[in-house]
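After this come two complexes, each holding chain A, first together with chain B and then together with chain C.
Now for the complex of A and B:
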């Protein structure tokens, strides 16, 4: 298995498409679209769509300050860990018909890989030694616990729906099943799960009203308070990439199996659907709501959102 | 030759215990030497069995004093080492050997080290004997020695207020467990007229009458006390906290594994009851409750070691859930998680011990910022914390992944929603585990240094060594899980399912067949999902490239360098306009939002964990009653 061609292919997948380069490019595009749409909804003109890219490039050129209290290695390493794992997750998510790494995509692997960027943010923030970061990471962790329950329920509902009596956790089988039986969004018993997933996306990305961890007004961006320069730029990039990864996961789970067979065209359709998902579940909610308190956020996810997902799971369990 | 190894390993440790007690006074060198030497020889003897037992598939039997079965009845004590016993034997020897090495550095300031080493060897010998023996009464004896050695070691640092209280609780509650086991063994002897497990298995033959159900229930309840399944878990928290950390590691690495081993041996081999769906449901429910209660209690703790103690309880819940499924994949997953729990929890206890040695406290509200003072400990802790939280590519991920697959497969094939609920619980508990280790990371290793601890330095090499070995094992078993599966887990799981071989080896060829014993079918579990090694290599390469690019970028070089010498507020952390003031966010302040939402739950839990021994004893008796009642209703 480990010959030169395979290694080169893998490197290409990780570094270019659908890994680091592609994911960052689309992520920054989505972040730009989000800012623009929110601005239009609030009757502002808004920044140009390439603004997040400019911001990122600007931060790369700025001075990096490491506080006395910080642990240097962890402080600098954390954003990189988040960046690489986000680039790698994209390899496991089928882009319509195309999967970079065949046979290895698995819902539970993805579930765990998606927690790594969050953990990177937490550990990085924690290592910076600021009390604001301490409060920020605590909130980030509680947010994580909050959306994890509905997220797990959604994944299990999908696995049960696709598998029937058997066990299917493989993303490829899910894509194949949807190609044969129609996308999961159009099966009525899965609609509550799709709604729940749409609400999980903004919490995972950390946009308003679920940005309690970064709350600029109270705790000065929480985990990021001490960050500057290139590491800060990477963290901002990570947030943008998360938008793509999460909306991509939604697309793969609920709108999969629509591919044309041509990779470039598939990727284009995929990005367009992701853009719609982002506008729907990130920008719209952002534009019309104010930030929640952490305990309200937790309650919201464990009752309302988890309830939706559980409803789907029970319906699917009853064979609907 | 090889058949003498198991019994020699156990006898040597007992012998070592007496030698330490007799000659330990002469000099510290002789005392430590005897302890480490016997532990090492015992380790080598058990490791030498890997080839014949695990790879060639032999079962080693040994009749003490050559008392072979007379007229078809096994009278003498027999040792029988199959792959299942050896699997736990390997965990036991690895744990006590590393703990012994660690003790050399850890016990620097303690008096009465002779007592410590005597009890340490007693405890090691008893647990090793427990997992290798083929005799039910011998197993009970080993449980008794194990309990009393544990009690004494819990009280070892009796200058702490908590030590004697913890030992007392352990003594009372542990004795209740032992008594239940003894009562069960007595009933079995009444029915079967033998105490050899292989023979009991063929006589009972998976068919139950009232007496055998009673015996089964009592033995399983007794073993539940030893493996700290909720609600039998109450002595664990205090005992783990009060005992010296090297012993806490032994408690979580082998003493509660001994209980788990006993349960597996009973339900799969001796009573062969795992095909009953009622027993499966019972174990899965107990397992799910255990992991949930364990982790939520851990989230509320303020003490490093007590937090780890509750995590031990929680992780055993995973193991019990997995083995309770009664499927080959489930048993496989349970064994894997048991092994990983030994590794990462041992590692975490060792780091807690290092923190205690360096700073003199394990209170999460008083520590902070140790990562710069104790880099090795910090790295080891992070490896352990990521392993127990199940982040890829560490070992916890591989085994938890197997556990989820096993439970959800069982849920799908049996259509039982209870199992699906157990899957959800397992996945949620995993993220809560992560949360509580984030809390420790923030409260102990990152954040700001408490001014009291400004002179703290890294622990000596002799204490770092076991930590590093354990951390490497955590990474290695995560990366090469296929090899672990092939050489350790598959033989062990297969051995637990092929009861015929177990009986025949002990009682003579064809004995099982004549008694009408049939095996549960072994299906090799298939894993094809990913190759962590390639990903890790890729990850490390890219990480280093980017890290070097950032850390040495021309524009930031000046700023990256630590600002030694002249004071520059640019590099200070600020809090409300005040700089350089000690303002650490401590352990109990984290997760306030979570605890607020769970107020009601924590109030109930606090009430239940009252610290009163009579309450705890009543939980044990009630839970045992429930187990026995369920068995009576469903298994006749």
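Now for the complex of A and C:
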């Protein structure tokens, strides 16, 4: 099975097309669009769309300071682990018709892989030995607990809806079901789950009202407080990539099955839909809200958002 | 090739860290005005960083009181290279109306090399903007001079 062509194909998948290069390029584009749209909503001119790329390149050229109290290996390894896991997630998410790797339990793999960047932030922050990072990581952990519950409920609702009687965790089956029966967003019983998912995206990415873990005005960017130079740039890139991965997951789960069959065109449509999702659920919420307190964030996710997801799950379980 | 891109990016994305060393808050308000929608420094890529570790440009306002001197020096030492120091207003330059006071340890030049000095009490946002842009250009020169 594993001949040289397969290995080369797999390497191409991991390094170039849905993997590292494509994900980071689209992630930086989405982050730039986000900053521009927020600026326009606040009546500013705003930075150019390639601004996140400039930020990343500049950080590559800065001195990397490793604090005396830090554990060097963990401190420098954490952002790389986060980057690898984010590049891997894109292999499992179908880009309209095209999937690089497909198995029978993709959703479970995605669910686990998507927690790794958050865990990398926690591990990296705690190894830096700063008290600000300590507060930041405790908040990051609470944030993760807050959005994981509605996220899992949404995934369960989707799996049950697609599977009919059973649970289906294969992304390819979900895409095929949507191609046959119409996108899940247009089934009324899934609309609460879609809303819940739209609210999970900004918390997972860590943007404005839900950026309690990285509050730069109160706890100096939390876990990132001691980072400088290339590792900081990699963490910023991870945030941008998370934007693409989460909006891409939303697109694949709720707007799947719209493919044309040509991979390049599919990728273009996919990126456009992702941009719309980011503008809708990240930029708009960012522009009109101020940062929440951590206890309010937790309450909001476990009552309102989890309630929406649960409503969908119950409707789906009743066969609607 | 990559080095050239990185050098160019130093001009395009300067992150600011602001230290108040006993300023009357006038210059601080004007610096914040530069970041508001009216003047919008973010269109040049300026961003207020939360910690000195993320900063490229350190903006110092105030006449450097005895209490803040130690903190100022420690903060400046934490900024990674290449970095620029901008003195904001007349206080870090000369001590301004506080000159001769027993509790003032200025001027700023005594402790660190000042790249750009914006005068005025308080300077206009336009002047601050020009000073910051000059600092970004100096940042690019410093980056180009850095050994890889």
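Here is the rule we use: the second predicted complex is superposed on the first by the 318 of 320 C-alpha atoms of A that agree within 3 Å, B and C clash if a C-alpha of one lies under 4 Å from a C-alpha of the other, contacts with A are read in each partner's own complex, and residues count from 1 in each chain.
In the analysis below, a contact is a pair of C-beta atoms (placed from the backbone, for glycine too) under 8 Å apart; a residue touches a chain by one contact, two chains touch by 3 or more.
Because the structure is a prediction, the values reported are computed rather than measured.
Of the two partner chains placed by superposition, A:263 touches none, neither chain B nor chain C.
In the superposition on chain A, contact of A:176 is made with neither chain B nor chain C. Contact with chain C, but none with chain B, is seen for A:51 once the two complexes are overlaid on the shared chain.
In the superposition on chain A, contact of A:226 is made with both chain B and chain C. For chain A, the partner with contacts to more residues, out of chain B and chain C, is B. By the touch criterion defined above, A:217 lies against chain C but remains apart from chain B after alignment on the C-alpha atoms of chain A. By the touch criterion stated above, A:42 is placed in contact with chain C alone, chain B being left untouched. By the touch criterion stated above, A:21 is placed in contact with neither chain B nor chain C.
Shared interface residues of chain A (contacting chain B in one complex, chain C in the other): 61, 63-65, 132, 226, 229. Remark: chain A residues 35, 39, 42-48, 51, 53-58, 60-65, 132, 216-217, 219-221, 224-229, 232 touch chain C in the complex.
Those residues of chain C lying in contact with chain A across their complex are 5-10, 12-13, 37, 40, 42-45, 48-51, 53-54, 56, 78, 80-82, 143, 146.
Residue ranges on chain A touching chain B, taken from their complex, read 1-2, 10-11, 14-15, 61, 63-69, 71-72, 74, 76-77, 80-81, 83-85, 88, 103-104, 106, 108-109, 111-113, 115-116, 119, 122-123, 126-132, 134-135, 137-139, 141-142, 144-145, 148-149, 152-153, 156, 159-160, 163-167, 169, 226, 229-231, 234, 293-295, 297-299, 302, 313-314, 317. Only residues 369, 371-372, 378, 382, 386, 390-392, 397, 401, 404-405, 408-409, 412-413, 415, 417, 420, 423-424, 427-428, 431-432, 434-435, 438-439, 441-442, 446-449, 528-531, 534-535, 538-539, 542-543, 546-547, 550-551, 553, 555-556, 559-560, 562-563, 570-575, 580, 583-585, 589-594, 596-597 of chain B touch chain A when the two sit together in their complex.
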